[in-house]
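Below is one structure, written out as structure tokens; comments come after it.
Order as written gives the chain letters A, B, C, D, E and F; numbering starts at 1 within each chain.
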């Protein structure tokens, strides 16, 4: 089976925050498409990896961007020694052979891509390959998942109402402090006490969101800082390097964040 | 015949709301082109599937989008071992072999596509393949159908007056509550009482249209919620997952909708 | 001769409103290019078909649109077993072999296409195929005709003054009621009395132009309604389906139009 | 010699209005590039044809437009049985073999084309074929001529100052009435008296320029009207068809022009 | 190994200003991606060359720009005697074979490129070649480094928050005067006294930043002036040529800068 | 050696105005890139030709424009009988074989081209051919020169600060009257007295810059007028043809300039 290389070989660790595993499982049972909503770096990608592993299905992830064309999803004609031949794109592979297809940051893609998936998200479950003149009936195991960061949407770039209504949706956010410290400790190989310090710093940073900071430190950034600390870097230097300088150039905001670090160590 | 795979193998269930079946039949008798107007997820696609099945004609559906070119409709040259050869597009197939061609959300397509269909919609009933230098006279069974959501049109994206005037038009809307509950029960495999609850919730949601909600819950979303309930999810969780979180991120609107759910269960 | 398939096999019925047949004939005698001006669906295309049939010349019609390139008019290189070869476009065919070339809605095309026809519309009567490096002297029978809807032009999309000045021009409008009723009766196969009713309705609809309606019902729409009536549809239903719902979504305007229908039956 | 087909076989009639023939001849002696300035249809193209015939040089005319690329001027690679080969464009042909290259309405072309001609218009007289990696030294007989309609230029579309400064320039305008009547009579095969009437009408029409008319009737339009009159059309009908309806849709302006016609017959 | 040509053959001289070498080393130990922030010409490129040399890893540098496509990074299909074959792009080479990939001025690139690197910058460390249908797991030695000039960012061209959060970040600025003089003397082969004069001039020039100058003289410009002086040019002429005329056309600013030069010599 | 055809066969006459020859020579000794600043037609191109001849190096000139792509500079894949092969662009040739590469009007080019030259203008002196996957170390004789007209720059089209800082820069302007008269006499083959008259006229024309004229007459235009005079044209006619009509259509400005001509003869 051509999707074997998309099977996850080991369990991606995931720390549930509510009933998201049960809800997703119900949607998969009914093969309903699912939308994951939430800020950057809070674990949406990890969650869908976890669910794919749990359900034993291959996971085809497509990171969407503005310059992506419908062909990058569904496939294209290539030129071989006997003329043109068709090559399935990643979405088509998942549809044919029954994988979970995860379209990451779907709003970044051009409108044509969102329309392509419409017939896959209602009861027809078909993918028309217009360029090839083929109509694919989705494999019974196929499911579509998309991610979406509501905070980033502008008027120009938003999902069409007729697209949103095709999905069941789950909210994601950064984990509560106790769970986040566990995650940081475990993912970075750091002691729990230092991980808790990092979590506290993150909390202060997230409170500054909208007051000069576009976003606070994500769980992923805490793990970065934690990893740097395991090489022997002091916590202040690690936080400057991994939590502060990446997200702001404003001297006052940097002082505020540095003070927040000092207060937690 | 090359359109065989476009014949519907089983009857698509359709719940008529007025005389739309008779009107469409009269238009097909005269081979007049038809435009289906109405909001997202209210059953336009299902209706045209139903009519195609009833008339015993193959149905070629094309989901329109901004990046579609005229070639995606009419066909293109491909490169084979003996040089370029022509491949008919889906519209051309329907024109040649006598199918019903359904252009879904036609206004999403670029202007060139709407002009292409002009000569198919007046008494000439021809499709000029300019790139191939061929003039196709439509098969006697061919008919053109388009869908159109008036609520979405902006000044920039609307059908040209000279296009609109070529079509007979039918209005569609969400079904009346009693019929909608029947549909939800039947499509989701849900008991009628729960289906009626969902229909009531949808009514409240649709009343909020224009008061913070772009659109209320569609019939399709009710069916999603209904299917989730058949896996054992409680109605409140199913509504959150399938009816509320997908369409709004505003905390107040979410509370209002959640209260509406509570009031109906 | 390659243009044989563009000869009209039967006479297209045309109902003259003034001296347009004589004027066009004089222009064709002198091989002057002609521009047909008038609203959508009033018979411009039918007129040029009629003249081509009368003059016994093949008619090559090109429906212009924004995404059309100069290559779609004049031709392009294709790839065959021995490398690229040239394929004449529809305009080039008409120029070489002496047809009437009709560019429908010329302003929709990109600027390059209007410039391409310049050397065909003055006394040089040549078509330079720049991509092929060939200069074609037009066949003595060749004539160029364009259509143009003045009501639709915006500042951005208008014919260049230097293009307009190259054409003789004829005005077209909807026929006077008596002639229009004849046309509707004859084209739809309807009795004259019902055709006169439809013509009266059209008159009321056209009076609303600019008062909430972009355009009133065209002759073509009356024929649609007439055809539907021959299948047994009552006049009110046929008018809703073919004359009212296609052109407006405004409830008040729909009532006004429905009242106009009621007053005429 | 590859430019033979660009030699004019018969003398294009030209009616000089001042010393433009002597000035152009001096510029050609020194191989200086020349710019012809003036309104549409006043005889610029005819003048350069006349000069090319007089000097016995082939004339390569390129009608410029927005969608023209540099490749349309200088040439491109095509695919043959042994891979890609280079095909000279019309400008390159004139440069290699010594023709007069006439770029009609140069400002319509994209910026790249005006830059391409820079090295041809100073003392280097070279054409770099960047895509081919070849540097062509212009043939001693080569000359570049461009036309330019100052009335049409917008801020966005004007010649760069560094381009203008490379050309000697000649002004063109409609001929004085006596000469214009001669031209119309001779070109249309019309008697002089009717030609004078048409010239008078043109004068009145040109006085309306800027007062509701973008441009008055050009000499070319008078010739059109004259030709129609030779088929037996009365002067009033010929003027409506060839002088009035093509240039305005405003009912008042049409009346004013019709009155001007009546006053001259 | 295909990256051998990307190994630096001699040590690039680098003058550390703080603990940037230790911080970078810690990030490389953990294979965390790094962002270098700072003004133009202050030594960011030299720093990453130095680190690559120190770590003994090949360095693949990609200068980003607006017209770069994702294919320029990851690779593309080319046409060979047996049809199309895939050619890895520079990023793909570094990912496969374990180099440090340095994306210089990442914000200049189109959005698609920044999304491409997302899966390389979290714990997945994968590069999906969507066009090829291959998923590359990064070589254990691979690391991603980007540069970023915060002073240049506009609202339209900035890194997405979700990209910034994936990197550890280091600030760079021009060196302190004593070190800068050492650098100039050593790189230009100039005596230290003259190098110190140039450094003083640079200081005055940088104070004018925002007061009529977009940026002051960079270290690189001082080295240019120094090199010119070693050919015998007097310091005033060298400064005019290398420090003043390149950065301003304003006569007053030029006088101010010339006075600053005079004051330092 | 492939650049032989780019060696200048005879000395281009150049009339120095200050120490620009010495400064350029010093920059070439150190292989520093040079930027030539000044108005159109004042001799920048001639200067770089002169220096290339003096240094005995081949000169590869590239006239930049908006539609130029990076491939036009560095090269591209072409299709031959054995599939695609690489063809070096003009910049790549100069880099490989040691020529002086002159990018004329660099700001006209797209951003990608200016970024391509960055690694050639610092001490790395490399040209990465990203599409080919090759890194070229510049030939020891290679030097980069660009021209730049500060008067034309808009906010949208200016060199990036990080590009400007990589170049030594020289100012150019029209020569002083005595030298300009010598140049005109010598280049046009005109007697000195008439050349002085032309120079005086140019002076008056340049004083009108900004008062209705975008630019005054350039030295190149004086040479054009001078050449026309050697064919026997009187000075007034030659000035109208070569100095006045090309640069303005304003009747008052034309009178002012004509009066200036009269005053000088």
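As a working rule, contacts are C-beta pairs under 8 Å (C-beta built on N, C-alpha and C of every residue); 3 or more make two chains touch, one makes a residue touch a chain.
Keep in mind that what you see is a predicted model, and the values were worked out from it rather than measured.
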Neighbour overlap between chain C and chain D returns none
Chain centres computed over CA atoms; the one at greatest distance from chain D is chain A
Calculate how many whole Å lie between the centre of chain E and the centre of chain F, each centre taken as the average of the chain's C-alpha atoms.
30
Starting from the mean Cα coordinates of chain A and chain C, work out the distance between those two points in Å.
52
Calculate how many whole Å lie between the centre of chain C and the centre of chain E, each centre taken as the average of the chain's C-alpha atoms.
61
Multi-chain contact sites of chain F, meaning residues that touch two or more partners:
79, 82
Chains listed in ring sequence, where chain C comes first and chain D follows it:
C, D, F, E, A, B
The residues of chain A that touch chain B in their complex are 19, 22-23, 26-27, 29-30, 32, 35, 37, 69-70, 77, 79, 82-84, 110-112, 114-116, 118-119, 122-124, 128, 130-131, 133, 135, 150, 160-162, 164-171
Residues of chain D that touch chain C when the two form their complex:
5-6, 40-41, 45, 61-68, 72, 76, 78-82, 87-90, 93, 104-105, 108, 149, 152, 187, 214-215, 217-218, 220-221, 224, 227-228, 230-233, 237, 241-242, 245-247, 249
